[in-house]
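Below are structures written as structure tokens.
Shared between the two complexes below is chain A, which has chain B as its partner in the first and chain C in the second.
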Partner chain A sequence: MATGSIRRGRFGALPWIGPAVVLILVMVVWPAIEMIRTSFHEIDQTGIAKGWNGITNYKNLIHNPDLPQTVVRTVIWVSVVVVVTVLVSLPVAQILHGKFPGRKAVRFAIIVPWAASVVMTAIIWRWMLDGFYGILNRILQDLGILKEPVDWLGNPNQAFIFLMVVAIFVSVPFTTYVILAGLTTIPDDILEASAIDGANGWKRYKEIIFPLLRPALLVSAVINLINVFNSFPIIWAMTGGGPGYSTDTTTTLAYKISFRDQDIGQSAAMATVNFIVILIFISIFLKVSKWRETSS
Partner chain B sequence: MKKSMRRTAFAASLVLAATGVVGISLPIAHAADVSLTMVAADYPGDGKTQQAQWDAVSKAFAAANPGITMTVNVVSWDVIDDKVKTLIATGKTPDIVNKGDYSAPAAAGLLYKASEMVSASTLADIIPTFLNNSMYNGTAYAVPDLASARALFYNKAILKKAGVTKLPTTWKELLTVLSKIKAKNPGVYGYAVPMGPEEAQAEFSIWAGGNGGRLYDYTAKKWTVNSAANVEAMAFLKKMNDLKYIEPNPAKCDRTVCAQTLFAAGKAAFINGSVFLPGWLKDNGGAGIDLGSGSFVHNDGQEAVTLGVQDYFTAYKANGHQAEIQKFMDFLYKPANYAAFLKAAGGFIPATKSAGVEAAKDPALAPFIALLPHAIFYPGDIATWPAVKGALQQSVGLAVTGNPSKVLGDIQKKALAAK
Partner chain C sequence: MTMAGSSRKRFTGRKVSLTIAGWVIGAIFIAPYLYMLLTALKPQAEIAAIPIDYLPSKWTWSNFTEVWKIIPLAGYIKSSFFIAFSATIIVLIFAVPAAYYVARNKFRGRTAFLLLVLITQMFSPTALVIGIFREIIKFHLVDTYTSLILIYGAFNMAFSIWILSSFFASIPVDIEEAAWIDGASRFGTLRRVILPLALPGLVTAFIFTFIAAWNEYVIALTLISTPAREPLTVGLTTLIGQYQVHWNFLFAGSLIAIVPVVILFAAIEKYLVGGLTAGSVK
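Let's look at the complex of A and B:
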């Protein structure tokens, strides 16, 4: 009897989650299986499958001359963007949490970079940074800071820094709002009690607010980790991973292996490796959110 | 009762979801009708997409051939290779493709022969040089649609201001001319060198060709990307870069948005230009440029070359529509329809003898047609050319600012490894 009702309970949810499950199976699970299958096949450059070839694609990937520097760059990309995003979002969320006239307008303005299409944002940044026509050069020259225009996206290191700036720019709104949500959950009585006990200003933030923000911080950091690692449009629209391969991450490299080097099999191997990294991030996320549930 | 309702709701939701996802791909064509599909690259034309012209041809063709419908999907040049490849890999192979290469699908046995694509009379009208560039292992697997040749364009006003009266013909003379231009025209780059991904392979081929260098050795049957002549040519470009005679960061400078735009703004003195450059300049703010053209420069002891580029129609066997494809291709190559295609594409060199006679009288085209006998072409008949082209587009520009021999050596490694 008891087991029967549990079964019915599970089954009862299916009409509602059914379409979503089907959608996930068709749009997410099946392509992922196809991708993994492709990574073990030989695909000729026209796109025709020539059959199973074991781990050859993975061997080719490991020997790909562009891979080592791309992996290093991807690690830098993900860690710098996520850390700086959180560091910027903390004070911004704190400001938005305070009461001041026009708070609604400011809160709304912060959402804009998030709401705008990432490709659009990236293209606008590309033109602002353009060496011949960019507004940044115009401003710096008018202020007398620069004598000659600089092609900001032409030098690999400079270009990579600007890519990270844009990635931070589009990641801050989401992170800010998650932290803001965390701030609103901190009960007033705790803050009042701490004030009575003499904790004020920085001390109160360090000892009371920040520790209580940890769950929100961890969640936003892990979601950012996934987003930033997967980020294709910013890099593609601004530098195309170039000059050469000098601003690629493993995500854009997977695309280039397929469509520049014409090697779909090796590209699928790269994408599968990326997929595994994402799975690791997701398992961290699940652990973190579970930890949050038990602690709160 | 409740349980059964839930079951019904569940089943209904499944069916809804399934039709929602699968329903789109259900074929709805009538059994007797044949639907041809074509993916075509978008030529510059008069600034408008060619979709309208293709729609008009498709409509006229369908009216003249009941039972066959034609759908043409016009795709921009920078994504057409990816698009076609994705269509093939996902089992949606188009019947006809109009783009810049053919060798990989020919080698894979996916294509009809040129003699199966068009009737004997249409094939006989194709200019032999172009048909020879459409071979794979001695058989033509593509029908050329049009061709272009490159010339060295220059801004007369800039040269005049620099006191240059004679066009340079050798690398040495070019350096002298560029130093004069730099001295007298602040803010102007002597030579626009578009080595960005859009068309780095063209700029590379022209400079290498002027030093006797080629991409592929047909006798040894081997890629020669890092031959001594090619490395020397890139070293020369590097020298021009170090002297600041060319625009900064050539590896990132694409043909259209960078090089041609600089030239249109009067900020570059020399540029490699195709037949459509004068028209493009008019539509993109360069109408006031006093334009001259001549031959490309070469190293001492070498000959001047131009780069000939031709594009192709290819027909895929996947859907078995050979008879219908031939009907359409013959229809397209009828003089009136072909002239409309060329016009919409934007003043290229025709690939048929019949249209070629008219084109030779056109003062804008005649100089290019005269250059064609000295043209070098891409090794488009080698199966691995698309991969080598991709590697060149991605990296060869770095040779101009970095180490030419290492950059070309890396591309050569990729070329040899390509299958």
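Let's look at the complex of A and C:
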């Protein structure tokens, strides 16, 4: 929303936006190019480039026996976490938008998982889910639901479900607040007018509130999509992607191939594929949010 | 009469269920951190008790003073604070002029610039960690705070430009024009007129960047190799790899790391909601 160019300086935009652009180019764009370049090079275990090797790294990646399962798991990871996060956040935001005693305290409580470091949140969850000393086993045994303690993170499928639970747990607060912001922008008189029209609660929600929330929902869904796809600390701190590679996503797999298996070329290939996926997510976002029309 | 009565009854019924639902939600989201606190307050012997107890038998508040001796917490905090604060200052110094110019001017390349900002906002450093690592090796900046400060600054620039430019755009141009007529320079106007009005935006950008840098994990894990230089997130998690994990001290340290940022975050709650809509829902 530019309001006309008043008093443009002698050098135009450069002194104003130049420093920010340079920092972004050097620390964000350069690594991206470096990563893509690396994916087409033979890199030895010490990280030294041995020269161009075409698509060999990509061939190695495709033949990586852990790749197919990891791709499937990543699709499940992203879709389940994002969809459940949005579905949970909608009613949570609606409730927190209402007035009730203690609302401030509840809003404070829901900020905590958002503000706290995700890796520390992952560690407390890991401790609560511990097979020997975990509080979840104690609770479930006290309730008579479990007879024997369970090593929740020891079995890949079970572990993966809990990883998704934690990912949802840390994504809901942000999403809730974006939706809350959307709710706040809906003027009270619209709600009052619709109430006078006799629209009942659910109908009013579906036909008036929900459409007005769409921009907020869209933004939070796409940001979640990208964040969840990129999510690293939860998996790394709770299972390390293990046992073996059984709870890895393509993001943690790329890291593991590089920093554990020392195959930097193949890792760069995996990361480049991830990079392209994110670019696709971003372009979808630009398209559905009609970025060009609304921003300039 | 009956209608008014029944509607009031429904209203209070609704209020009760709303209150219960609200409190349950709050309890769910705070519970892991309360358990963190309970574990932090247990004496060492009770950490590995089978079956584990809900509450400490002896509330060992001294864990919060002992923790500084058992793990190098002060060093972690110093690293984290220095890195996060420096990155935040860089972001503000670079983002304020850019955001102001974008909010006030149409110029060639404006769309390209905004697109660059938006795309970097969408990227977390995790996605580029392999490229970052190779670049930092080339720059001979491995195991330095400088590397982390520059990376955190660059990746959080977008959010701040976004938030700030929408704050600046919402300030009427008339106010600036009045200052110019009084003979103020453009920079002077920015400093004395615009920045105070955009204070909520500045605070939001500051706290967001600080917390993002304070909480960052994967880049710090990758680039910092000297244990003494590790920031909180990396330092505390490496303790888990050790033979005997002092979970009580680990969580005491985590709480010391978490509580200040939660309070900072809550302090901008009022602006957070507005700032988020202004920043993301254009």
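We take it that the second predicted complex is superposed on the first by the 273 of 296 C-alpha atoms of A that agree within 3 Å, B and C clash if a C-alpha of one lies under 4 Å from a C-alpha of the other, contacts with A are read in each partner's own complex, and residues count from 1 in each chain.
Basically, contacts are C-beta pairs under 8 Å (C-beta built on N, C-alpha and C of every residue); 3 or more make two chains touch, one makes a residue touch a chain.
Since we're looking at a predicted model, the values are computed, not measured.
K.L.:
Check whether A:Met128 is in contact with chain B, with chain C, with both or with neither, and answer first, second, both or neither.
P.N.:
The second partner, chain C, only.
K.L.:
Which of the two partners, first being chain B and second being chain C, lies in contact with A:Val83: first, second, both, or neither?
P.N.:
neither
K.L.:
Counting only touches as set out at the top, which of chain B and chain C does A:Ser117 meet: first, second, both, neither?
P.N.:
A:Ser117 sits against chain C, while chain B stays out of touch.
K.L.:
Check whether A:Ile282 is in contact with chain B, with chain C, with both or with neither, and answer first, second, both or neither.
P.N.:
second
K.L.:
Which partner chains sit in contact with A:Ile55 here, chain B, chain C, both or neither? Use first/second/both/neither.
P.N.:
Neither: A:Ile55 stays clear of chain B and chain C.
K.L.:
In the overlaid three-chain picture, which partner chain does A:Gly182 touch, first (chain B) or second (chain C), both, or neither?
P.N.:
second
K.L.:
What is the contact status of A:Asp44 with respect to chain B (first) and chain C (second): first, second, both, or neither?
P.N.:
First partner only.
K.L.:
Regarding the shared-chain residue A:Val72, is it in contact with chain B (first), chain C (second), both, or neither?
P.N.:
A:Val72: touches no partner chain.
K.L.:
Which partner does A:Asn227 reach: the first (chain B), the second (chain C), both, or neither?
P.N.:
second
K.L.:
After superposing on the shared chain, does chain C or chain B touch more chain A residues?
P.N.:
C
K.L.:
Counting contacts the way the document defines them, which residues of chain A are shared by the two interfaces, the one with chain B and the one with chain C?
P.N.:
8, 12, 15-16, 19, 23, 26, 47, 132, 259, 264
K.L.:
Within their complex, state which residues of chain B touch chain A.
P.N.:
Going through chain B, the ones touching chain A are 3, 6, 9-10, 12-14, 16-18, 21, 81-82, 85-89, 104-105, 108, 110, 196-197, 248-249, 251-252, 258, 261-262, 267, 383-384, 386-387, 390-391, 393-395, 397-398, 401, 410, 413-414, 418-419.
K.L.:
How about chain C: which of its residues touch chain A in the complex?
P.N.:
15, 18-19, 21-23, 25-27, 29-30, 32-33, 35-36, 39, 47-54, 90, 93-95, 97-98, 100-111, 113-120, 122-124, 126-135, 137, 150-151, 153-155, 157-158, 161, 169, 173, 176-177, 180, 186, 211, 214-215, 217-218, 222, 232-233, 236-237, 240, 247, 250-251, 254, 257-258, 261-262, 264-266, 269, 272-274, 276-277, 280-282
K.L.:
Note which residues of chain A are touching chain C in the complex, please.
P.N.:
1-9, 12-13, 15-17, 19-21, 23-24, 26-28, 30-36, 38, 47, 92, 95-96, 98, 100-103, 105-121, 123-125, 127-128, 132-135, 137-138, 141, 169, 172-173, 177-178, 180-182, 184-185, 215-216, 219-220, 223, 226-227, 230-233, 236-237, 251, 254-255, 258-259, 264, 267-268, 271, 274-275, 278, 281-282, 285-286, 289, 291-292, 294-296
K.L.:
Using the touch definition from the top, list the residues of chain A that touch chain B in their complex.
P.N.:
These residues of chain A touch chain B: 8, 11-12, 14-16, 18-19, 22-23, 26, 43-48, 65, 131-132, 151, 153-155, 239-240, 242-245, 256, 259-264.
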